[in-house]
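What follows is a pair of complexes built around chain A, which joins chain B in one and chain C in the other.
Our next item is the complex of A and B:
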């Protein structure tokens, strides 16, 4: 009997040890000396140019640390490559949460990857500020741990379609969109605006992000009579579209999502074809003389001289700004709840992006975009300043 | 409309076929499907980019330099990765090529970074000519057609009339007998890998000129080229050209009328052909080795 009890006891101790060492035991993400933040993004693969977003917060963290940190705590930033693959996003996020202990995520590129981890982050009470992509599913219904700054692609679609019809006076609108939430949200916005204006798009064509031959898509757009083509695609697809259009002499007004607004890059990799393309924009131009942008450009030179101070690298800083603001307001006694309370009371926060407002009932921070045109040599021409989408359905709920 | 659809479909299909020929040459000699084919071609294209853009050499010198690099790379991969494997199974060989693929992608990412690069050829896609009313052809497409035609004639003569070509065919049919007949099988393998790598690099440069260059840019074309090779017959060079053309036309038709289905056409082709005619449409017969 005694022997049996000993066996049972040993079994319980062994099992307890096993459970204790293998269960999810996320660290709180901060201590008296540091606050750990992290971002994932494609550092390799076809969407890699968007991956620099994830590296931007490191420079902002260095700037903050140079000033003494936040209430005496230094910021430590982690970056992971998810290759724009949702399965990989899950792996890297789990590793960061369970091994490193992350207080808050910032940025996070790729809508499919974000959707794959948003519930996991909420279940583990990890804050996520400024996803570097924007889809309705992130913020509707309100996720208490997720705060978005990025204008919805739906709002952007609506604003760009309005610009095409009312400012450029083009009624024959074609849309080419990536066959995922990113592309479909953009398409929804265009449809809402065109419905309002009593116009129907002459073509709506889905495209997969990996496709290298888009000749049939271009032919379809040309035959539809589209004089302006709005696109929600990745940079490589954007270049292929313009190059393929050139092979058959098709020259519509190209209008693209803000994801293709890194003009320096797009102009270079398209062999100059990007000149004249109009895009949405979610932040001030990186070559602007605005004092905040100049400060960030200098910080990049100092802390990450190997990085190009383009739209996406700086966007990483922009997406992190409201978290820094909230952490400062949360005070010295930091807890997740204190940070959430501060984030939920963000009012008219103005960094290098659009004005941000969050409440406990509304975590979509903005509906504004700027409109840019790619100028000679990949320069940025501001054609329309911050514009709100008066059709934004989510604001009327 | 149909004329232009056919023209565009043939252009991209022949480009798949060019790359498919590279796949077939290795398969014809060693019966290995080389999953590193795309990345070998990608690395060679990066070398061409380096010579053209960074060193600013004239195109034809850069082309010759790239071809030499591609041949050496093919020989190196065969020598360093495939040859040391002791009595490898077919699966083992495939896994080795997959490993080489990852390695080459890592090397390119490390050396040139993940950002896309612009790559251009002297045959511009924007120089267009109207063949018939409503059917436009550009210099890039003309160059693809001429290259494929030249290569087909060359390969036909090579495999039929040269000692090395006959040795390659003999090695494919029976390695043991070829060895007894005095053929240095290892050299044949090295040559096949070097030659295949060179053809792959030519095809990759055509693909790059239509899109951009990055470490992953040849993954998709490889799958299409593989589908073209399976469709035409992994042993048949004319078969892969016809297979590529059919695939290009099919994809373009689907892309125009049912764009949602276009990305899966190539995979459907692989599955259907493997189920109905495993040796491909144009291979003479299917020999199962035991």
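Our next item is the complex of A and C:
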């Protein structure tokens, strides 16, 4: 009898020991020596290629620290893998906020994960700058702690449709969109623009992200006589669409969302078919000769030589730039309130992304995209510089 | 060593006063947990409890009845969506919506149990697999369920003016439900129904010969198991606050099976141990690998030398896989087997 009780006792002690040893206190996000920032994103699993954006800020942090930091404080960047699963996102975000102490989050990939933690972050007064995806619920209504840079897919759709009709002189527009908010927002933007121009899309085709055989969709597009096809799909579907179309000799002008703008990658996985595709873009081309881009490229070579300086890795730096700018303006006496005030007074900030404006009443930072064309070997050709969507509904409110 | 001399001795909840004493001590310990454990751990503990409910339910099906299910993520999703939508669209109170969602899941379990009458082994796993994938597709396609975007769950209003907001308060709610369901599962196994399940597992032909109605009990097993998964799913939604159909995928169904196998098939304690271990490993093992003292720098060096840029994050999965393989190879009874051995050791100690 006694031994049995001993066994249970030892079990309880072992368990309490296990739990107690991992205990810590919640910490503030900065001290005199450092400011802690963090990003989550899928680093493993099927969505892992999108996770490189979360690692980008580390290089920017090294660059800032090399120059002496921000008012004497060094930046420290944490990356956490959430495997694109909102249950995991919440675990890693809680661990970072309550254990490490995080001043601000940057990037943040995945819509469900972001929506699962956005209220938690606001309740704990943790700033979140530059979510690496465009979700209307992030910015409408205004969340005082969340600042978005990513152009809305709606605005992008409108700008791309305008380009197709007015610059390419194509009146037969087909749209193929993923059956989720990403695709539907893109479609809304196209419709809005075409209504304005008095044209009707010849085909609007929804596609599931998991669909692998897209030949019936391609036939529908071909039969509709679409001469330009705008697509809001994921990279895999995009490649399948182009390959399927090539097999039946259907060659419209493909126009895609900025999520497919990593030309080096797309050119490679599509076997060169991506050449000539036009996409939107939310930042300067990674192989541009712009001084800021060159500086970042050199920094990547120096601090993270194993990384490919592609669009999404550099986008991680782009999403962090306005936070750095605001922290510099917030001055030596750093508080969350001071940083919020500085962020809210961001006016015409221009980094490697679009021009960013934030006010206390408006946290969607931009409505502009660039337009690129994929050149030979996956190179980038800039066909239209930063373009504003003058039809943007949210700005009229 | 657990010699039983009579029927009533067998159906006792606590085998002896010693067990009763330690069970109560353990209950006091877990009910006072917020005193010793910082708040941040309670989100993870809530996930553990939810998975315990599910694993105990799945064990009724897999461990006790000998059927297999690769579709439990589907029941889990039905529970999560059912509870949240019943509350959102029909304004039902939580304590009505949760069991109702459980019964909806149980109904689907019953439906899925019907093909189980004729299918076995790999064929049954394919049928249940199809079910799990179908549920995810339907939810994803239908705007009523929030489509691919997902849904925001309503505030957890448990009536009497109490709205549970913090993880600790949710912990108590989930803990009480978990304890009730675990005791219920234990008791079901001691009844005629439970014994019929075990008879079917050991040999369904022999069971039928001695008068067990296969149709009734196989479908019942599926329904009970699905009910547990539904309740677990309903609570999971509130733990998370926001969810979309994506996570309720095939991998989740497999993880659920892993919990049961690693914990120990055909034992309530096995389900509890397996769910706890796998959840903790999956959600918190080596997540902060870079900042770990001593070993962090070493692993970073290893990763930089031999792995790709995201190699570091894979250490968690590698270790999780090794632990699972290790347990299955060295302890076929799962963690329950380890527990039995510890018990035996102490019984005969110091000899």
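In the analysis below, the second predicted complex is superposed on the first by the 363 of 397 C-alpha atoms of A that agree within 3 Å, B and C clash if a C-alpha of one lies under 4 Å from a C-alpha of the other, contacts with A are read in each partner's own complex, and residues count from 1 in each chain.
Throughout what follows, a residue touches a chain if its C-beta (ideal position, glycine included) is under 8 Å from a C-beta of that chain, and two chains touch if they have at least 3 such contacts.
What you see is a predicted model; the values in this text were computed from it and never measured.
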Touched partner set for A:213, first chain B, second chain C, both or neither: first
Chain B versus chain C as contact partner of A:364, first or second or both or neither: neither
Partner chain in contact with A:179 - chain B first, chain C second, else both or neither: both
Partner chain in contact with A:134 - chain B first, chain C second, else both or neither: neither
Chain B versus chain C as contact partner of A:307, first or second or both or neither: second
Which of chain B and chain C A:91 touches, first, second, both or neither: second
Which superposed partner A:115 touches (first chain B, second chain C, both, neither): second
Comparing the two partners chain B and chain C, which touches a greater set of residues in chain A: C
Chain B versus chain C as contact partner of A:62, first or second or both or neither: neither
Chain B versus chain C as contact partner of A:44, first or second or both or neither: both
Shared chain A surface residues [contacts with chain B and with chain C]: 43-44, 48, 51, 179, 208
Touching residues (chain side chain A, partner chain B) in the complex: 42-46, 48-49, 51, 179, 205-208, 210-217, 219-220, 223, 235-236, 239-240, 243-244, 246-249, 265, 268-271
Residues of chain C defined as touching chain A within the complex: 16, 18-19, 21-22, 25-26, 29, 33, 36-41, 43-44, 47, 140-141, 147-150, 152, 236, 239-244, 246-247, 283-284, 287-288, 290-291, 304, 308-310, 312-314, 316-317, 342-343, 346-347, 349
Complex interface listing, chain B residues touching chain A: 1, 4-5, 8-9, 11-12, 105, 109, 114-118, 120, 125-126, 128, 136, 138, 140-141, 207, 210-212, 214-217, 219-221, 248, 251-256, 259-260, 262-263
Interfacial residue positions of chain A with respect to chain C in the complex: 1, 3-9, 11-12, 16, 19-20, 22-26, 43-44, 48, 51-52, 55, 78-81, 84-88, 90-92, 94-95, 98-100, 111-112, 115-116, 119-120, 179-181, 208-209, 304, 306-307
